[in-house]
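Each of the two complexes below includes chain A, the first together with chain B, the second together with chain C.
Right, the complex of A and B next:
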């Protein structure tokens, strides 16, 4: 009785009633659907790989029990690649800081045509495929065996690829703060160029330097395209090790290794979120706007 | 420039280290690569390469795949990015953090994520086995690569869309609505044109990344016919350095041309983000 009325009711209603929620509501619902679907698409495999790295037998499922065995196995076998990646990232960071920070400052302060051309050139390595850069390095330096076999070869590749991010991050911040006025003030009080660089330029550029440094570290730790071509059996970084395990070993090992990678990059990601920097090394536009409008607001 | 606080010699001194690194480890090697790819008689070598059906089908497949990924990424990211940029709701920060979490993943890890979804023991296979009795496994093919590049690009493009969407002038849309424009019309005539410089820039970067990406294809299968994979095979298996170099140059030129085209279309916006 009940079920009959229930099944009759929708049919009894006139059709237009069903369309009551307007086009706008449907659009909003569709928008939510797509957003949540994307979120699931991005996060579900991450969760799955974390689970896979912790289960005894992934083929049988979680019911086979949880274990840290795979993580321990990966650590004993591959901890070398973790430390090597950290070393390479640190060395890359030092080189990009020493070369990129001054360059970013010069490019932001110079408005000449030449400086624009130099800027264009400096970002070419990220616009073109990493594979091409790696092949090019091999063509020229592949013959210098000592250099070719050393970690320095990988650091060089990473520096070429990450330098533009540092330069751009520093240049963006330097261009937005009025350094010239500040420097003229200091110069009129007798400060030398080096004094001004250390006490005015560097402190003002600090947000850009921090953003650039985070981007360089993250990119260097995750770099694969160049590193795969440049590495030797003695210089396997973490992503190279990952590719090896994915290709040859069981899925639990690959997943456990991936967990290791997540653990390594997590602090960097949290720092980026916290500072409002995205992975391209640029502060998010929303944040920039807020600071820009707040600095403007005191003026009428 | 008569900028007394920043003399020319200091400018040169400060830019010199970066330029030295760039010239020694990128410009010079690239020049050598270009020279090598010519193999003494550049015209004949390149003509042989550009008329080789295998290389050209590989290039065509790469361009098609990158274009498809770019189009799909743009559509999906605009839908999600607009929602995230313009609505306030509980857990918005969490949702945003989840959507941007994969930003730092290298191509190899993205490839593994695709295997998790669509591989032999993947989620989609398990679900389809229950629903249709068939195990859908498509990770190790072009569709898997498509999924991987989508995974890689979506977080990046969503960030860009959100940045441009926060700059939209809401009063323009209100005006359009009060004049009776339908939601589709507002989208087509007001919102999309305002977003387009950012979208062109993001799309160009997305396309360029997909053209040159190597890690994802490498993880999924070494026989997927995309240009970076072809270059790698020529280099390692066939030890054909000349062709590998030539194809790298072609790949680089196509990528650079797309970025340059996008910049000339959208003005200065690409310069900031490309």
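Right, the complex of A and C next:
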């Protein structure tokens, strides 16, 4: 409702100057209307879900009062899952960094057919349902009981699923001809491969690495399909716990759980957005500095 | 301005160096000898193999089997670039955006584990030489194009390379700056006395900087010679057409004269050819306007282009091809004006 009045106001304002709002004004108003309607369509369920987690009785509505009781209950019951999820995400990140960064670099540099095939295979876990990857892992490694019962098993699953995101992000940066020339420049100055990799490739591939790392963290924390197949009662991650609460407890608790989830992933998503802008905006930020400094000292 | 302890210049020898990329021969086997301390310019249109040749000398490409590259007495064919001790300036400069100007210039020394104090001294020295002292601690993206070019050059010189390799170092700059930096570069290269290979497609750069010029086209060397030799005695049409502007007079040879559409030109002595069909070439600045009654060739003005210090006339009717003639800037001639042209006898160029 708000959106409609807001969008009509600018159309109404220019009246003193123009007798009728022009076609462009109507078009703009229409665009705003459609955009806001779509946003509302997506945002309202989220807001409702959050509200459900904060109301005393969902079926009576907000009139029954607001409470943090459900949130507290979820925390006491599931805080283990929160920490487990964070641990799994951290471990997944470490593994994908150690393997994905070099892999992305090599795939970007190599022009052989084999590397193209490997690239395709890396993407398979994204294309396949997580259930299928999980089943494959269970069939092959399910027999190793200690491994199968441990958190490491879930980490392996998450690495399979998230690695392509890291590899792709790193490969995209490394494939740029700029970075290749920088490496040649370093080589011409006597730097060995390892020296070039550490002093030139890694610092200049940082936007890609950071983007990949945030993708890995977010995906790992939110991963359900695969984890649901791989988990044991002792290795219940956040999304698996969420499914539990939805399936077996009152809707208020499930919704409170959603809030918990939000609190955990929102900072990551915001950071992703922020740094995503920064990855390209690094230069725009630097340019700002240039103009600032050139106003002080004119450059020849 | 002088750099401390400049290493002795070494000659470079390329023997039968060819290069094939995925089945395509981009460089025919070439032999090239570059004298110690010489500045050799590789000149040619894009795709002629000049950059490939430079990258082979640098060690960024390996020649096809059978090719050999030597720096002085060292055979460096098998050495990768990081072991060749070359200084290279890339067309895009390839400056490290994650380091400051100082960090860039000192990079090669740090890699060689030179003590920090020595690195600082040497970098300061180069900063001074390149007039970059005020910009020492700026990141690269705060520099102008000309400053970047000087950082790239300082960075390459910091490691005291045996050989300096420059890949179109002025191409990324605008015309006015390019002219200014070209003469600075010339002074610097003479001062350093280091063996230098300079790749460019700009003939003005080649003429000013090169002790010798290698004109390349389609993967082979067309001519090697001093700038004057290349300009006044081009080995063939490709060279003549690529370096400067050249006019063609086609006609028939009769009694030591070349008779063409608009008159006859005396042929230089000693030019003996069996067939009567013949052609001869000259540069636009070697012809002059003469009284049509006594001129060698007669034609009319087709168009004029005022270029400031000179006016370039396009003359039709004098020869099968329109002729370009350079006259003083103040000369004004209307279209269609009949003109006579004479050509200095010793300026005629015979090409095979």
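What we mean here is this: the second predicted complex is superposed on the first by the 238 of 300 C-alpha atoms of A that agree within 3 Å, B and C clash if a C-alpha of one lies under 4 Å from a C-alpha of the other, contacts with A are read in each partner's own complex, and residues count from 1 in each chain.
The rule is simple: a residue touches a chain if its C-beta (ideal position, glycine included) is under 8 Å from a C-beta of that chain, and two chains touch if they have at least 3 such contacts.
As the structure is a computational prediction, the values presented were derived from the model and not from experiment.
Peer 1: When the two structures are overlaid on chain A, which partner does A:86 contact: first (chain B), second (chain C), both, or neither?
Peer 2: neither
Peer 1: Which chain, chain B or chain C, is in touch with more residues of chain A?
Peer 2: B
Peer 1: Tell me which partner A:184 touches in the superposition: chain B (first), chain C (second), both or neither.
Peer 2: Both partners, chain B and chain C.
Peer 1: Now for A:97: first (chain B), second (chain C), both, or neither, which partner does it touch?
Peer 2: A:97 sits against neither chain B nor chain C.
Peer 1: Taking the superposition on A as described, I'd like to know which of chain B and chain C A:24 touches: first, second, both or neither.
Peer 2: So A:24 only meets chain B here.
Peer 1: First (chain B), second (chain C), both or neither: which does A:109 touch?
Peer 2: Once the two structures are laid over each other on A, A:109 reaches chain B alone.
Peer 1: On the A-aligned overlay, A:159 touches which partner chain: chain B = first, chain C = second, or both, or neither?
Peer 2: In the superposition, A:159 contacts chain B only.
Peer 1: Scan A:271 for contacts with chain B and chain C and give back first, second, both or neither.
Peer 2: neither
Peer 1: Looking at A:222, would you say it contacts chain B, chain C, both, or neither? Reply first, second, both or neither.
Peer 2: Only chain B; A:222 stays clear of chain C.
Peer 1: Applying the touch criterion given at the start, work out whether A:192 contacts chain B, chain C, both or neither, answering first, second, both or neither.
Peer 2: After superposition on chain A, A:192 lies in contact with chain C alone.
Peer 1: Once the two structures are fitted together, what part of chain A is touched by chain B and by chain C alike?
Peer 2: Chain A residues touching both partners: 184, 186-187, 286, 289.
Peer 1: State the interface residues of chain A toward chain B in the complex, per the touch definition above.
Peer 2: Contacts found on chain A: 23-24, 27, 30-32, 34-35, 38-39, 41-46, 48-49, 52, 58-59, 95, 98-100, 102-103, 105-107, 109-112, 118, 121-125, 127-133, 135-137, 139-141, 156-157, 159-160, 163, 167, 180, 183-184, 186-187, 193, 196, 218, 222-225, 228-229, 239, 242-243, 246-247, 251, 254-255, 258, 261, 265, 268-269, 273, 278-280, 282, 284-286, 289.
Peer 1: Of all residues in chain B, which touch chain A in the complex?
Peer 2: 1, 3-7, 10-11, 14-15, 17-22, 25-30, 32-33, 36, 76, 79-80, 82-84, 95, 97-109, 111-117, 121, 123, 150-151, 154-156, 158-159, 162-164, 166-167, 182-183, 208, 211-215, 218-219, 228, 231-232, 235, 241, 244-245, 248-249, 251-252, 255-256, 259, 273-274
Peer 1: Report the residues of chain C in contact with chain A in the complex, numbered from low to high.
Peer 2: It comes out as residues 58, 60, 80-83, 85-88, 90, 92-98, 107-108, 111-112, 134, 138-139, 141-144, 146-147, 155-156, 158-159, 165.
Peer 1: Under the stated contact criterion, what part of chain A meets chain C in this complex?
Peer 2: Result: residues 178, 181-182, 184-192, 195, 199-200, 203-204, 283, 286-287, 289-290, 293, 297, 299-300 of chain A touch chain C.
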